[in-house]
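In what follows, subunit A forms one complex with subunit B and a second complex with subunit C.
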Partner chain A sequence: MSANVVEIQGLDRRFGKRTALEGIDLAVHKGVVLGLVGANGAGKTTLIKHILGLLKAQTGTVRVFGLDPVRHPAEVLGRIGYLSENRELPEWMRVGELLRYTQAFYPAWDTHYAQDLLTLFELNRGQKIKTLSRGQRAQTALLIALAYRPDLLLLDEPSSGLDPVVRRDILSAIIRTVADEGRTVVFSSHLLDEVERVADVVVMIHEGRTVLKDSLDAIKATHIRLTVRFPQPLTSPPSLPGVLSCTGGPQEWTYVCHNGLKDLQQEVDAVHGLVVDSAVPTLDEIFVSRAKGHTSPEGSLCDR
Partner chain B sequence: MRSIALAMTWEYWHRNVRLIVGVITTGAALLIIPFGRELLENPILTGVRVLHVIPLLTAMIGQVVVALSTTHKDRPEFPQELYTKPVSTVTLVALRMALGISAAAGMYLGQALLIWAASGVALPLWWGPLVALAMTAAWTHALIWSLPGCILPQVIAAFLAIFLCVSYYGRHVASLVELGGDLSGPPTRMARGLYGMGMVALTGLAYAVAVVGVRFDRRGDRISLARVGAWISDRIYAIRRTDRPFGSARAAQFWCEWRQHWGLLLPLLNLLALSMYAALAMGTRKVSLEVDGPIFLQSLAFINIVFYPILVAMVVNTQERGGSKDLFWATRPASDNMLLWVRLRVAIASLLASWGVWLAGALVIWGLLWVTGQRYDVMNIVTPNLSRLRYFFFYAGLAALAMWTALGIVGSLHVTGRKLVAALWLTPIVVPVAWNILSRNYHLAAPLVAQVQAITPWAIGILCLAGTVLVYGVAVYKGRISRWLPYAAFGVYLVLVLCQVVFPYSDKSLVEGKPNPIVLSLGLAALPLVPLALGPLAIAWNRHR
Partner chain C sequence: MQIHISTKDGVPIYLQIVNQVKYMVASGRLRSGEQLPPVRRLAEDLLINPNTVARAYRELEAAKVLSTRQGAGVYVADTASPLARREQTRILKDRIDLLLAEARHMDVSVEDLIDLLRQRGELIK
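Up next is the complex of A and B:
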């Protein structure tokens, strides 16, 4: 059996004429926090639904804990804690009833941990789900996803609906705790600062395709943001190796490149430029550059 | 837009145009299709009541739907966005109510126009139906706006308004229409002024009620029946609250499905029917236990056999992906088969509970009849013909099979989560009704009718058999059922064939004069086996898309 918690190979998915996922290959190792990054509609939720077995692979294979989630839903879902994007919960239940109901499905349900989370989130057992605020709803859904200490925690846009304090202090802490216990977390988000804070590995999806997949450290080490000044104003800047995007002009241009500074310096010198600033780009800058580079026709990477 | 009235009309029209056109065409079709020939040849034959009651009721129900479908579909109320406009409540209500009344009138007029164009029959218009519609629409809107946020009371109030208005109209105006009788005459002669004025006055009263209700709503003082409901619900929860864990996931799922899908609905309906009958039997001399008791119980049993399985299958299995409950349901760590069979168990439990209530009622009536020495009537409850009592177990088994088949097939179609597929269960009802209407009203050639009637049993029988084989084939191919199930099903099929075909043929009187009953019976005998393969296929199709 593979050591990977999730293993996806050559996954394609179409909805009518629209391609939602194309050629996705993904392997998630045990104990890793994987951030799934992409704009709205990029295919993050579709990918998560394949992991849950709610969507059947049209092409390719999906294995979770070595099993096909469509063939073995009980075995796979029993080890996954899932927080859906829209926090789907049965409206008619009360919080206490939901806990009692959910507990029956998970032999590993930790009553004390559930109670701790209930206290931490200040939730009332007697309150009906339909009367919960958006934030309370998210907390309730998170509680029932965590209370049985799942091997894989699958969070679809976990920050949505949470206020900044809860988002930073609770969510991040929980994700890190889960990972420190040797369990695996896959979470999708379009808030890149959040991903940057929590994730070990980042997968960027754009229009159904993987545009970047690496550890956060490796991504940071292999990308650079350069600001280059040229002697004369230029209508279009000279191209540099590994350039993903460039903005600015006419005399000073900022490049985001997939390359080291050492290699680029020579190229900048060759085009009579002067590097006035170099820094590690944020994940946000890398994502925007990658996404833009992916959709723009060749040679139109620069914005003025 | 230069005026508020114009802006509101524009918004109202754009929001409701499809619904209004739909009501007009549906209402006209409901009249033209079944009565088309009569309308052309002899409109009086169709009867004045049918002629104008169908469009009138269609318009009345249509306007309720329009009134309920506001910005928040699950929370009908006076359009909240209008509260921020610099317009007084009196004007807002007047404009909005006028639009509601116009829509109702438009629905009726549109139908009248279509019927007139198709058949030349002029429906009564002005001083009758239209005033009644105005009164009904005014009360409907007044009640819906005065009870915001309480959908059930709103719907009940709206239909109560229709019932009361139609009663008033039927008592004072429709009878005059019939007395007048001359449909080709000027429509303004339909009602006497006094009754019409009564309806106008009631319309004005509805407007006053609406103004008061909307005023409360606008300043945030809602009459919240929902709060009362929540209070009662909280008290019930406090009494029966338990933190004791469920014994198994299956038990938890059963509890969830039972509560979520109103498992108690059908037993309660039975109880309600029995209570109403008991109240009538005790309070009215017209109802006598010995005469009506058996008839009542037989009717209720018929409803339990024919309609309840369909109802329970629809209620228990309604699945809409994308809705909040369904993703939660789909992500439970349970096998497809477990989720499916728990649902069917809930349906079966609901049906059994209904029969339990029925049996309790029957026992009471039996007891009373026995005490009063009317033993013949006791037997009469079981079967109307004592000579057929020996077939009791056969009929009971057949009834159980019919219920299981309806429940299983309709439930499986619903559990696919596809509305169009779910609606397929209507086919066996719609096709014969449509054929009946066509053959009776449009003088279809006799040989054609005879041919269709001769072929139908063959076609149904073959279709059932072929469908069953196909469903089992696909289920095995997709790995949704085990490979031995088709063999087991075939064994059960043979037993059913023996019971369903051989047993009735032992008594010729049961099958004499019926066309091709053997082929039909062979096909129908396969139907109870369909859910065993269709259910797993359907749930997998829904859960793993």
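Up next is the complex of A and C:
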């Protein structure tokens, strides 16, 4: 029995002529926190919907807990706690009613834990869901996803549109479940600072394809931000190995590079540059570099 | 326990924790035998992955700065004091290296730097 909670191989997905996902391979090991990052429309939600069995794989396979979520929806969904991007909740219910309603579907529902979360989030059982603030909606949606202690927590932009206080509460609640044994978390987020703090593994999706998939440690170890000073102003700075982006100028240019770190000093020397600053880039910088910068063909202009 | 984590640091988060705990022990802010928050609590307070905290605690234990009491939590080790002296020296060395690098950048000699140090030392007295 695989220790992979989610196993995706060769997944393709097209909507009419538009390719939403292409060649996605992903294995999520039990107990791992996986951060899914990418621009809006890159394919994160589409990927999550395949894990939930809401979309059927057109090419390739999707297995969750070793099962096809489309063919075994009850077994799979019963062990997943899902927070949708829209926080879909039944507007006509009150918070307390929603809790009782959800509890009926999940035998593993923990009433004490649900109450703890209710208190932590300062939610009122009697309150109508349609009157909840944005933050309260997110908290309520998270509460019902957590309360039956699912084996897999699937969160689509859990912090999106929330003020710092609520974000903190939500992140804290998620971290608490990670500390519980065996819980696996997959979350998509634009807040790369949070991803950097909480994720074990990061997958970056760009236009439906995986452009980066590695442990956070490895990502940080294989990227570098280098500021190079050249003897004269340049409109066309030289390319460096593994360059993802190049900004600045005219005399000092900042490169973000991936791999080839060993040869970098030699290359900088070869183009008569002087390294004036060198640092590990943040996940945010890496993401922006990949999204905006172009990998230059040999010797051509780095994009500004 | 006041620990500050920055993702902009370039230093891995677990190492930031290790360094800060070592510093607090060396500077006396954490005393021998004092209890540290459990992994889960610290992770929630700092809003980071609990594995990261666990890793930091493991490393601090290997370095004999912390010790775990069976099921009773994590404490500053009793043998922390000789480590403190070594840690203090290491911290000062790092600061000095940074200062020397800056001075070199500005074409200031080591002798001038020492004079400056003495001047400031006199002022602070």
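In this text, the second predicted complex is superposed on the first by the 281 of 304 C-alpha atoms of A that agree within 3 Å, B and C clash if a C-alpha of one lies under 4 Å from a C-alpha of the other, contacts with A are read in each partner's own complex, and residues count from 1 in each chain.
Operating definition for what follows: a residue touches a chain if its C-beta (ideal position, glycine included) is under 8 Å from a C-beta of that chain, and two chains touch if they have at least 3 such contacts.
Just so you know, these numbers come straight off a predicted model, no measurement behind them.
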Please work out whether A:288 is in contact with subunit B alone, subunit C alone, both, or neither, and reply first, second, both or neither. neither
Return first, second, both or neither, reflecting whether A:77 touches subunit B, subunit C, both chains, or no partner chain. first
Between subunit B (first) and subunit C (second), which does A:264 come into contact with in this model arrangement: first, second, both, or neither? neither
Does subunit B (first) or subunit C (second) touch A:196, or do both, or does neither? second
Applying the document's definition of touch, where does A:103 land relative to subunit B and subunit C: first, second, both, or neither? first
First (subunit B), second (subunit C), both or neither: which does A:26 touch? neither
Per the contact definition in the header, classify A:42: touching subunit B only (first), subunit C only (second), both, or neither. neither
Please indicate which partner A:244 is in contact with in the superposed arrangement: first for subunit B, second for subunit C, both, or neither. neither
Subunit A residues touched by each partner, larger count belonging to subunit B or subunit C: B
Which bits of subunit B are touching subunit A when the two form their complex? 230, 233-234, 237-238, 241-249, 251-253, 255-256, 259-260, 324-328, 330-336, 338, 479, 543-545
Residues on subunit C engaged by subunit A in the complex (per definition of touch): 5, 7-8, 10-13, 39-40, 43-44, 46-51
Okay, in this complex, where on subunit A does subunit C touch? 33, 168, 171-172, 175-176, 178-179, 193-194, 196-200, 217, 220, 279-280, 282-283
Given the complex with subunit B, which residues does subunit A contribute to the contact? 52-56, 70-71, 73-80, 82, 84, 86, 88-94, 96, 100-101, 103-106, 126, 128
